[in-house]
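Labels for the chains are A, B, C and D, by order of writing; each one numbers its residues from 1.
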Amino acid sequence: MKPKVAFFEFTSCEGCQLTVLDTLQRHPELLEVIEIVQFREAMSERGEDYQIAFIEGSCTRPSDEAKIREIREQAQIVVALGACAHLGGINAIRNRMPLEQTREYVYGDKKDWFETYPARPLSAVIEVDAVIPGCPIDRKEFATAVTHLLQGRKPAIPDYPLCIDCKLTENVCMFLRGQTCLGPVTRAGCEAICPAQGQGCEGCRGLIPSPNMHSIKQALREHGMTEDQIAAKLSLFLTYQTMQLEGVTPA
Amino acid sequence: MRILPKHLLQAWVERLRVDHRVVAPRESHGQYIFDEITSADELVLDYHSSVLPPKKYFLPPREDLFTFNAKTMEMSPVIEEIQPTVIMALHTCDLHAIQLLDRIQGTGHVDQHYQARRRKTTLVSIECMEPCMAQAFCKSLGTLSVPEQFDVHLTDLGDRYAVDVGSDAGEALIRGMGFFWKPSDADYDRFNEVMAGKWPNFDYRLDCDVTDLPNLLGASHDSALWDEIGERCLSCGQCTKVCPTCYCFDVVDEIDLKLEKGKRVRVWDSCLLEKFAVVAGGHDFRNSRANRLRHRFMRKGKYQLEAYGLLGCVGCGRCALSCPAHITPIATLNTLNERRQASPGESA
Amino acid sequence: MTTLKVDVHHVTRVEGHGNIVVDVQNGVLKQCDLQIVETPRFFEAMLRGRPYLDASHLTSRICGICAVGHATASLRATEQALGVTPSPQTTLLRKLNFHGEILDSHILHIYMLVAPDYLGVGSVIPLAQSAPDVVLRALRMKQLAGDLCAAICGRHTHPISMTVGGFTHFPSLETLRELRARLVASRADCDATIELLAGLEFPRFERDTEYVALHKGEEYCFIDGVIDSSDGGRWDLEDYRLVTNETIVPHSSAKHTRHQRDSYMVGALARFNINHDKLHPRARAAAEALGLAPKVINPYLIAAAQAVEVVHCTEDAIQLIDQLLEMGIRHEEPAAPTRLTGEGVGAAEVPRGTLFHHYQIEDGAIVGANCIIPTGQNLANIELDMRALVPTILDRSQEDITLALEMLVRAYDPCISCSTHMLNVRFV
Amino acid sequence: MTTLLRETLDHSSIYMPTPARIVAVEQFTELEKWFHLELPSGFTIAHQPGQFVEVSVLGIGEAPISICSSPARSNGAFELCVRRVGKLTEALHRLEPGSMIGVRGPFGHGFPIDRFQGKDIVFVAGGLGLAPLRSLITEVLDERGKYGRVALLYGARTPKDFLFPDDLKSWAERGDIECHVTVDRPTDGWDGNVGVITTLLPKIDFPARNTIATVVGPPVMYKFVLQDLLAKGVAEGNIWLSFERQMKCGVGKCGHCQMHHIYTCQTGPVLSYAEVKDLEEALS
């Protein structure tokens, strides 16, 4: 029996679902091993009977919570797809800013026309069984995750830092190139694609389980970053996680 | 000893390329990477150390061990039959490291995957005349000259190289090639002069004698220094990836979406990572950055020596260069030494 | 007299969340809206105070489909603001990269989002069984487009090595040669695509409107240029607001725009109507084969115009690669800013139309940002199309009417999550 | 008969397993299952008690598991007792009789049984530790005459967690082996001992200098059992412990099981207290 799979999205750019579609380019057999019953971005058919739900996107308004819970009720396995669902992603950047101010800055006197609250990862709303990290997700990792699900186990993702991937690919370290990188505290699994492309890691796969935050900040400082720049670097994808580490709640 | 005039170096390498894959350091963003060269004029002999050591040619970062069909249980080993390979311009520290790896992979159960590549590879090393980088401390560890086992070793005499051959495989790269001359007395004089002249260029950087390292580390097991540097360590593992003598690995299975065809792959692992020593039930034998770092240093300066008769560090300095937290063997060992002297008999 | 209620809750096979609501009472069209119900995303607030180098990385996350487009427009805006002049090599690489995205997005739209409607299926999945060669062709073409972007900027969603002033990574000549060979080989797939579209029966529906696209000398313009209108007139990029004139409508979380008429269209068809004579000859031939001649006023034919662009971009990509191969790839440092304070507008013709990024930067930090997204510009036009269409098809079944409306919305390839990134939202 | 290890070497990769068939499975407890395995014809496992094999489920991975059957009775068949804790062991638990798995080994050094002759023996087993010890116990009981007094001290978490219940019963009935069991947490109807395993030690009264103690259990157990054994006067060289470490290869290459200069998978897993007492981390 092929497992029935559904895809959902909340606040996101849909890039992760697009990456799922792209996975088909190398793995057309994906369609032979799972049955996709819902995927609004790519299909009109819609089935409500599914065992595995992949959810992309952060929860950014109270009214989305009910739908997210509904999916949790139905699915045996819920997988957070991508940084928005996993970490709150870039949507959480604004969590450090006073909510009212953000609304007003963007919407002026119409700020009350819409509903919003601080962005949060799926795990802040429901229990999540597995995560496919990244912004966007990595195609290979998605295929591997499906393989693991078919084997009856939860998808395993690396819990070691990116530097490992980076050195396995023999990149010259960004720090030695006079630049900066979040690799030492970021979860590996992307084959260090950013350092390989000449950009320091931005942390899109989230922090490793026990990141040494004061040491990474020290390294960034030594490489010429100001406190503001460090804060910006650590907030692109990591706002929600770092606020949690610091025990700060959104304003 | 033989002599290779410098202007014939490229011709020799071009000749080697006829029946060998030739690997040499290549510049990349200010660092060097060992890579296959496609023409002798790409050859660089004068480089500071490489990002990854040449061990990657024997023990690749990721390597298939065998392929299988999970349904039929058919399995077949993947023993890579590499092309005959020459690695050019190894520094002597890296040569020492390969000697240790050879010993480890050849002890007890022989690792055929390593052997298959190693057998097909001939090493051309080069005498270092200056420290390749500030972090190197080869002189302190006795790796500043060739080890017992080597194939071909070059010493720069100015306009020519002195060429020493240490093995049959090495001899095969030289004999009948026509590029090599018999040395004259002047060559020998020049060689002696160069060799004597190079030593003062290198400093002893370790404050204790290298033979004292196991004692020093043994006495320092409970040193507070481990906690101090453990505070700084990011557990990023770079130090182990770039180390020419690290060889720990993890094994993972990969299988296709139809759950049929797959392979078992080994990937470099690192004892600095959390979970490296976790066992069922969650007990972790090295549960802090401090004691994982300690284990690494113990391996380098004591355990490997006791297990294989060779030190686990060759002083190449790569880990010191890569560490974002500036944790270096020299500073660590010298601090331990200082503290031992300050309070002999007690734990530093 | 007909009474009809259409309520499509979340149009499928489009990017983002939108609803179609139609209310006809006794033959009178009471309501005909495309409601945009996407969550607000606050990008401009998020950009505030961040280092200018973050802007392209952050704004590429507005949309997973046109990530390269956002990054490109963003970089151009920053470069204008900070007085950066990219090298000729950078300009070529960016154009080539951009073609990758156009190809990727158009193939996705034509084959996976639009074609199922015409082939009578709900998605590409049943198609994979009934017409595997069509689906495999689409996947092959998409893969090539993705590989093209990957070679130049690391990956299509979200680009990595594009930065202010240039690139941080360069493709090898060998990679470029391989891509060239694959592009040449994909001409057959391009021809097959044109053939596929030539065989489809597009609904006959016409409504003349204003068409807006970027224009630049003799090239079929995708990056920079000036704003050109089919109704006449040209505007500098800095004056984009004179064209976009954003207004707020209560039923949409995205703003509407209007220029010389009540609405205007941007995107492949608008580009075709305005820049037709600059297409590569093979693309012009393709247009002819499809029976397209400017000005085309049937919005359902956007997909056909996209197919023409697929041919054009494939050919132009080959030419760009030839130029790069001839010049050789230099591993150059990105051009440096000449100042750290300034204001600039960048524009690009992303797959769905003209995209504007407008930044104010002070001491290297972004203090003000505005982005105008193609789908936002098309929304008013889609609604006016819907309002023109519904009365002509009231004799059909509710299902047929619904499908015709969905197909119309889909024809525009709306990118809804983009369109709402920061606009006035009200939920109906 | 050919031994597996020899054959493994001839595979030309020491990492490639030999297929083996599961012939029977028995559920001992909620977490532990007993597997009877059969090697291809012509092969024998030829192990020492205390040795382990690397068990593979292709596509999932590999893990070290002790052989729990006695060498004399093993032949081409052998037994494993597996606790379900993670990916490999979960996959193994899902397999039915008839399924194929892969095995490599046996690896390492087991109990030096030759040195036990004529001695009194105390087996101290905590939880799953009974699995490797069962191999040794059966071997000793099969040649019962060669040894002095023999006792088994066995602790489990609850009465529901006892492994090898049939063996426990038959051993208890034999009369030539003293059996004492204890549980950490009693359940209704349990009238036996309650408490950690060290509470059983006073129950046996062997002359310490002629006693061999073999100890296998979770890491936390070792410290306390050792303290008491040493206090009783059992010689350091007569206390044998089996060490569990993470192992990825079983052949002394992957580095995971290294404690001090020792590769547990090769020099161990069974080592005497005398050998390890000065090795930092061995008993921490």
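In this text, a contact is a pair of C-beta atoms (placed from the backbone, for glycine too) under 8 Å apart; a residue touches a chain by one contact, two chains touch by 3 or more.
What you are looking at is a predicted structure, and each value in this text was computed from that prediction instead of being measured.
J.: Per-chain C-alpha centres versus the global one: which chain is nearest?
T.: A
J.: Using the average of all C-alpha atoms in each chain as its centre, how far is it in Å between chain A and chain D?
T.: Here chain A and chain D have centroids separated by 44 Å.
J.: Between chain A and chain C, tell me the centre distance in angstrom, where each centre is the average of that chain's C-alpha atoms.
T.: Chain centroid spacing, chain A to chain C, equals 25 Å.
J.: Between chain B and chain D, tell me the centre distance in angstrom, where each centre is the average of that chain's C-alpha atoms.
T.: Distance between chain centres: 38 Å.
J.: With chain centres taken as the means of their Cα atoms, state the distance from chain B to chain C in Å.
T.: Here chain B and chain C have centroids separated by 52 Å.
J.: Give the residues of chain D touching no fewer than two other chains, as numbers and ranges.
T.: Residues 59-60 of chain D each touch two or more of the other chains.
J.: Provide the list of chain B residues touching at least two other chains, using ranges where the numbers run on.
T.: In chain B, residues 255, 259 touch at least two other chains, as defined above.
J.: When you check chain C against every other chain, which residues touch at least two of them?
T.: Within chain C, no residue touches at least two other chains.
J.: Should the pattern of chain-chain touching be classed as line, ring, star, complete or other?
T.: The chain contacts form none of line, ring, star or complete graph.
J.: By the touch definition up top, name every chain pair that qualifies.
T.: Touch list across chains, by label: A-B, A-C, A-D, B-D.
J.: Can you tell me which positions in chain D touch chain B when the two form their complex?
T.: Against chain B, the touching part of chain D is residues 9, 11-17, 19, 58-62, 83, 85-86, 89, 100, 102, 218-220, 244-246, 248-249, 251-256, 258-263, 266, 280-281, 284.
J.: Name, in rising order, each residue of chain D that touches chain A in their complex.
T.: 59-60, 87, 90-91, 94
J.: Inside the complex, what are the residues of chain A that reach chain D?
T.: 151-153, 156
J.: For the complex, give me every residue of chain B touching chain D.
T.: Residues of chain B touching chain D: 65-66, 68-70, 73, 75-79, 104-105, 107-113, 221, 247-253, 255, 259, 262, 264, 266, 269, 271, 276-281, 283, 285-286, 291, 295, 298-299, 302-307.
J.: Spell out the residues on chain C that touch chain A in their complex, using ranges where they run on.
T.: 10, 12-16, 39-42, 44-46, 48-51, 54, 57-58, 61-65, 67, 108, 112-113, 116, 122-125, 128, 135-136, 139-140, 142-143, 146, 153-155, 157-158, 160-161, 163, 167-169, 248, 253, 365, 417-418, 422, 424-427
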